[in-house]
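Common to both upcoming complexes is subunit A, partnered first by subunit B, then by subunit C.
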Partner chain A sequence: MSSANPGLAYEDTPPLSAPLRFFLTAPLFGLCAGLVLLLGDGVLSSRWTPGALAAVHLFAAGFMLQVMIGALQQILPVVAGVRFPAALGVAGSSHALLTLGAMGLAGGLAFGRPDAIIGGAVLLLGGIGIFLVAALAGLIRSPSVKIASHAPRDLRLAMAGLAVTAVLGVALALAIGRGVVLPLPLPQAVDLHATWGWLGWGGILLAATSWVVVPMFQITPGYPARFTRWWGPGVLAGLVSWSLARALGADGASSVLGVTLVLGFAAFALLTLRLQSRTRRSTPDAPFRAFRMAMLAILAGLAALSCNLADDAEHWSVLAGVLILHGGFGGAISAMLYKIVPFLAWLHLTQAGIRAPNMKKLLPDTPVRRQLALHLAVLAALVLGVFADSIARIAGLLMITEFGWLLLNMLRVLHNLKRARHT
Partner chain B sequence: MSTIADLMTHDHRACDHDFAHAETLAAQGDWAGAAEALDAFSRALNAHFNAEEQQLFPAFEAATGMTQGPTQVMRGEHVDMRAGLERLRAALEAHDADDFAGEAETLLIMMQQHNMKEENILYPMCDARLGHARDELCTQLSHSLAAEHTS
Partner chain C sequence: MNMPIVDARGLEPPEPFERAMEALADLQPGQQFTLVLDRMPHPLLRMLDRDGYRHDVSFRDDGAVAILIARP
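This part shows the complex of A and B:
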């Protein structure tokens, strides 16, 4: 592999097993989050219940983080010319640490075990750390060229957001598990951790990915250059300012900045919907529609968050969490998985010199469409479940089915890959 | 004067529009229209590949001395995409809507991961390394790519 080919050769993308382990483990965490909802008592009655904390971390630090890290190891070589040193080693070690960490953390939160909370948080930090250091090493060696797209820069900003989220998470784990005194009240520290997680990491990553995915794969007009130039740095600067205002107890400033951040993220979701409405593809498939529904769920979640700024009733924050995490990120991630996994399987076969079945033969439309329809049903049940515990249990049961089905659909691709290999 | 990255990225998008036109007509069951649109897409795609293989890549290779580098990788992917285009044409000739949709989806993802590499890595490298030869090459590339798109 020549250093003259930064990130360009197929060989520069990691072997199939590197991202696949993340994509196949991820649904299991979604499934476990469903189990918590099914078996726990009053899980969605407050964001502070052990069940809610466990479910949120199973979803965010389990499902979402696994897919996002796996996908970044695939996309960074293509978008930013990053070649991961020891790609398989990085994938293997970060995957093991993230899996054990998310299990430990969620288990500790559900059952009130301080050692498991701290152990899980430290393992997660270790897994994230390995990935970030490897990505940094790759970025330093990547070609330094001036490009028009802001996606590579915003992917870096998102990774900075991930680092902040992880460090805040470990600090919180130490505060809860060991009584370490933090420089600000616990609820405020939790707010910082959560906001850096969903917006600083998840939101910026989703936007950076959208700058590329929406115009290129959905054949829409591009995002306006002025918007993409300022959005990522603006959100990050806003987050830093909001965090400082929260930490210093400047309530007025933190409210204004909070509203600004909500509006900024809403602008991204609205613009994405507008661009998607101008797609040149006449037959939008189920993942395309799921991506649009994800944007609508984000908008609804942001509306709930805005209500929470004015009224601190428990249900607003839980509603915002359900809509943004499950509806927004869960929907967008599922939609992307349905494109990424069949393509990786196709690429794997083609590289091996095997005549690969096309994408829709590797993964037919029907099971994808049905699983994504179930995703929406789960979201509706979760929203109702915020107000009625019995429905939250039904949502849990449906969620188990949703993520079990997602896993089965991924396994279907692998089954078809193996069949193609042996024919 | 536009950069190589601007010019070639713009042509990628124009090829995408031709592709979407063919896909739309096939989805509507208008096989005659789809065949015409696919021909137009094929001409545009091949004009783009030819401009790269005969003008841009040799210029980059001459300026950098890298003949086995990124341009070699991109030439290999052109071969894969030409094969993908032939499979798409075969599905169209068989009037097989499912196969056409599957081959179209596969070719689109193949094209876009290729385009991402070119737009984010190779074209900026060309702009950076070709120096004063860049403007003249842009003019030549513009002529080669002109009038190949229908929509």
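This part shows the complex of A and C:
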């Protein structure tokens, strides 16, 4: 039996402000992506338009990356017992670099400024590097505990995916901005960067988080161990093989591996939907339903991606991007934020010895339900906007409202937290 | 001795944590209880360490985590 150990005090877990700064900055990037859609011309007509490139990076390297890095700083201590060295310093410096980097990169892509593209990419790499080094140091320092879950291992795999994505991103920035010659054609290098980003980093992270968060907050049975044991390493091995096949020009092998990866991610989404159908909740709440819609959007996005393998019409890749990024990751991230942020506020109050109010008092259901309904309306407008520019502008306007509202709902939790502190 | 068991499985956070805190509040010096959860509660373990409780974690065959908590 272990005894009292002051060195393990939970003050070692990141203070509330460490993840919160990421969660509060993230919606601003979603809002900016909406602005690009509103003000740009024909943004969704192709994946290669300056507006589309800027919007994708505002969403993926801005909104998604901020939330994911913030959530990892919270989830690694809770799930894997990792203690970040200098938690506030790491949060502060990586947050500043990631914020400036995403702004620079997206601005550079939107306005065709090579120096801003390179500067943004390097700042992003710096922010990611600081976070990854701190996480690695925390993992080495953490006590070895037997954990009956594959989440900690898969979180590490996702972080490896993030490192690959960031390095490929900087290589692409140098190729575009300085004419550095890459060992493979530019469109192929972009495909590698994008696929490592959405699947190697985002997809594996979403799955690893789901192994814990879905059974915990949605009261479902756990993911079967025989599935979680192989899924993360299988996807990563598939991704490495697909990348090698693409780089070596082995088209047949890369097509087979590409389809296998699509099926693998679809299996995760389908299994999540099946577990959700077996929830012990009597009435699913709004984040539960939003997570289910996110899985359906991912499946639709993967279908669009499969069509793109057979038919290279521009709209398939844009549709896949809209469905997977906004519908899938955007929906799942919003649903998770609505669980994580009130829970962190509750935990913060409890640890401070303050009687915490009920979670529903920290964040009532109604604004959450309405904001998540708007998220679906934005997704529908984005899908239609792929085929009609005027609707893409409406989608942009709605998206600005969606992310402004998400930010307001987060601020509402903080307001209620402050009130609880002073009563 | 009949040792109390607090089964906090199948509950949405923060209810398992609240159940554990209620049981801890009732615990007298020399007493102990077993907390059964769906997963390893790292924040709770750190809190137990900070407040001087003794604890012993074991994994059950059904995947649940059983934590024997004692007040010295």
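General remarks:
Criterion: the second predicted complex is superposed on the first by the 410 of 423 C-alpha atoms of A that agree within 3 Å, B and C clash if a C-alpha of one lies under 4 Å from a C-alpha of the other, contacts with A are read in each partner's own complex, and residues count from 1 in each chain.
Throughout what follows, a residue touches a chain if its C-beta (ideal position, glycine included) is under 8 Å from a C-beta of that chain, and two chains touch if they have at least 3 such contacts.
Computed from a prediction, not measured in an experiment: that's the story for all the values here.
Once chain A of one complex is fitted onto chain A of the other, the partner contacts of A:152 are limited to subunit B, with no touch recorded for subunit C. In the superposition on chain A, A:282 makes contact with subunit B only, not with subunit C. Shared-chain residue A:360: touches subunit B; no touch with subunit C. Of the two partner chains, subunit B and subunit C are each touched by A:350. Once the two complexes are laid over each other on the shared chain, residue contacts for A:216 go to subunit B and to subunit C alike. In the superposition on chain A, A:227 makes contact with neither subunit B nor subunit C. Contacts of A:79 after superposition: both subunit B and subunit C are touched. On subunit A, the surface patch touched by subunit B in one complex and by subunit C in the other comprises residues 2, 4-6, 8-10, 78-79, 81, 145-149, 212, 215-217, 219, 222, 280, 343, 346, 350, 359. Residues 5-6, 9, 13, 16-17, 19-21, 23-24, 27-28, 64, 66, 68-70, 73-74, 80, 87, 98-99, 101-103, 105-106, 108-109, 112-113, 115-117, 119-122, 124-125, 127-128 of subunit B are the ones touching subunit A in the complex. Listing the residues of subunit A that touch subunit B in their complex gives 2, 4-10, 78-81, 143, 145-149, 151-152, 212, 215-217, 219, 222, 279-283, 339, 343, 346, 350, 357-361. For subunit C in complex with subunit A, the residues that touch the partner chain are 10-14, 17, 21, 38-40, 42-43, 45-47, 49-56, 59, 63, 65, 68, 70, 72.
In the complex of the two chains, the subunit A residues touching subunit C come out as 1-6, 8-13, 77-79, 81, 145-149, 212, 215-217, 219, 222, 280, 343, 346-347, 350-351, 356, 359.
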